[in-house]
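Dumping the structure here so I can ask a few things about it.
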Amino acid sequence: MAKKFMFVNRKAPYGTIYALESLEVVLISAAFEQEVALVFMDDGVYQLTKGQNTDGIGMKNFSPTYSALGDYEIKNIYIEKESLEARGLTLDDLQHLVWEDEDDDYAEKDSIHLVSSKELAAVMADQEVVITF
Amino acid sequence: MKLSIQINEGPYQHQAADSAYQFTKAALAKGHEIFRVFFYHDGVNNATRLAIPPQDDRNITKQWTELQKEHELDLVVCIAAAQRRGLLDEDEAKRQGKDANNIAEGFRISGLGQLIEAGIEADRLVVFGD
Amino acid sequence: MSTLHTINKSPFDRNSLDSCLRVISDGDAILLIEDGVYAATGTSFSDTVKAAAQSHSVYVLGPDLSARGMKEDGIVEGVKVVDYEGFVDLVTEHDKINSWL
Amino acid sequence: MSTLHTINKSPFDRNSLDSCLRVISDGDAILLIEDGVYAATGTSFSDTVKAAAQSHSVYVLGPDLSARGMKEDGIVEGVKVVDYEGFVDLVTEHDKINSWL
Amino acid sequence: MAKKFMFVNRKAPYGTIYALESLEVVLISAAFEQEVALVFMDDGVYQLTKGQNTDGIGMKNFSPTYSALGDYEIKNIYIEKESLEARGLTLDDLQHLVWEDEDDDYAEKDSIHLVSSKELAAVMADQEVVITF
Amino acid sequence: MKLSIQINEGPYQHQAADSAYQFTKAALAKGHEIFRVFFYHDGVNNATRLAIPPQDDRNITKQWTELQKEHELDLVVCIAAAQRRGLLDEDEAKRQGKDANNIAEGFRISGLGQLIEAGIEADRLVVFGD
């Protein structure tokens, strides 16, 4: 029986390692064939910004890895609208994450679901294991 | 009930390791089973046997080692996080050509999959961090 | 599927209590631990916590209160004090735990 | 005795920017680094930062902006971008540094 | 020439080690015969609360050490009024820290100065080295 | 000008060590003197020689060791903070009866007074932390 796992990302990238090491957990979780959902809220929404370039700080730019989530069958990615708005961002500022639906002739479909706090609360309530980073 | 614990911060700097220890002791005292304690992020630093805390303070690593002995706890240190931060067992030190190792008795180093397994197998996962 | 939310930071230092309150569901409970216990004392956040305690069960970890010299009799109305044994019970009584780190 | 204040956390995550602004003196400057650089972007805190930049020199570390995918042309009015070399100059041009950790 | 050192404490005790290890720095600094000032602001004001009892959390109660500051000739301790008030505290909730004035027949004098943000700003501006914990 | 640096957090978990390194390099390139780099709190963990970061990532300890060699930097690890967290040099390991040590080349362990001295002797002290 697959369990419903949710990983909640609340921290900005680079300032701390949580974003990077959370992504490592998420990718491993895919191998266990669980139902995996990701949330980006609070400063976690900054993890998905386009155009990250870490040349000037000597750290590894791990943002391209997010685009691989679809290949790992991770297609339920929730972004809290309120967090995005408070930061003056829109979905256009974030990476466009997709997955291929093999039941629909490998059509590319959006992985990202923009949800309100209230909608997010309902999704969270439905989970069985929650790990917040 | 079967519980798993995750610890994200090193000893002393944050209360996480202390809170996790107090919680684990209380859970065991109430007859619950601890399926696994998983050390992630800086949490891997709890597993060093080289610490020498002041005499009038607690020795966090030793507390875990003793609790492990008494209850046969499964204390797992994430290998990827441990390599980044310099926590090694004897085998790993040899394999990586390092001249020393520093892991304490009662801890074992393993993969991140053990955390997912801890989440699957236990009835509850409780995370302690910053 | 009820959730126990743990908050371990002062409401002055971090936004975790606010974030938790945005997405909490009916039947969920909150447990304040570590530096999170200050939220249960008479601070400028006490109205927020009092309101939360009217719609949800809000607990505070006694040992963390005592460590910080905070008196149990001065805590926000509706907040209940538990010890580590009570913490364990809260974990088992709810279906899952969300630690707001 | 001018002071360079550095802020390394997002204004959403910590209160360090607010605290710094409470005790800053005339002639002091602020440098936003690490996750502090988000304060220089168009967030709900941008009015606070804009006001600060009117009474004080406010700088943001470019390499930290770029790492986070934040564009220099979208930053708050009055905030100046510096690189690490500029960071060093700011340190030597002020009498002391207060890192708001 | 003595330099003016100021140590600014902004973190609550026990949740993190900064309060304890900051105190270790302060005590060492006394041996260097510098002009030392301490500030407690934001959650740092919680460091000085009376009646701390750590028996239930298995950590060392280091709060008695603050009362030794006077013996180390550390007598300029500033508490920000705004921080104290936001936390619903008054000076009565905090330890009463004193020093003995040997030029005044060893009279006990208050080490703690309750100051507004504005007054604190002036004291801070006058320092030569500031370390914030 | 003479600058001192203080680092309060360990490698990788926080950007502090990276920021301090970038700043130190820039200061040296501009001809300033680095009087001392002082590692305090979890910052002591930057001094381990046992870390094995991923191949495609920076090796923070090695970066310091190399910068130390090139510019004869004084990299000082606080002894009290180091003992709590399990950072030891050979002498200290012997004295404490520990069977291994883990300090990297280029770092030395010394007392907290070295931080105060760094504040007195340098024209500016810059602190990096969480």
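Here the chain labels run A, B, C, D, E and F in written order, and each chain numbers its own residues starting at 1.
Just so it is clear, a contact is a pair of C-beta atoms (placed from the backbone, for glycine too) under 8 Å apart; a residue touches a chain by one contact, two chains touch by 3 or more.
Remember, it's a predicted structure, so these values are computed and weren't measured experimentally.
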| query | Among the other chains, which touch chain D and chain F together? | reply | A, E
| query | Which chain's mean C-alpha position is the greatest distance from chain D's? | reply | B
| said: Can you check whether chain B and chain F touch via the same residue numbers (shared by over half) or via different ones? | reply: same
| query | Between what two chains do the most C-beta pairs come into contact? | reply | B-F
| field | Maximum centroid distance from chain C, chain identifier (CA atoms) | value | F
| said: Nearest whole angstrom, what separates the Cα centre of chain A from the Cα centre of chain C? | reply: 27
| remark: For the pair chain B and chain F, the C-alpha centroid-to-centroid distance in angstrom is 26
| query | chain B to chain E: how many Å between their CA centres? | reply | 35
| So, what's the distance in Å between the C-alpha centres of chain F and chain C? | 38
| remark: For chain A, residue numbers touching 2 or more other chains are 14-18, 42, 56-57, 59, 129, 132
| message | Please output the residue numbers of chain F that touch at least 2 other chains, ranges allowed. | response | 12-13, 15, 19, 22, 41, 57, 80, 125, 127, 130
| message | Two-or-more-chain contact residues of chain D, please, as numbers and ranges. | response | 8, 12-13, 15, 34-35, 63, 83-84, 96-97, 99, 101
| Those chain pairs that satisfy the touch definition | A-B, A-C, A-D, A-F, B-C, B-E, B-F, C-D, C-E, D-E, D-F, E-F
| query | For the complex, which residues does chain C have touching chain A? | reply | 1, 3, 15-16, 19, 22-25, 28, 95-101
| task | Going by the contact rule at the top, pick out the chain A residues touching chain D in the complex. | result | 11-16, 42-43, 46, 49-57, 59, 61, 63, 86-88, 93
| said: Give the list of chain E residues in touch with chain F in this complex. | reply: 3, 5, 17-18, 21, 24-25, 28-29, 31-32, 34, 129, 131-132
| In their shared complex, at which residues does chain A touch chain F? | 14-17, 56-60
| Okay, in this complex, where on chain B does chain E touch? | 12-15, 18-19, 21-22, 56-58, 63, 130
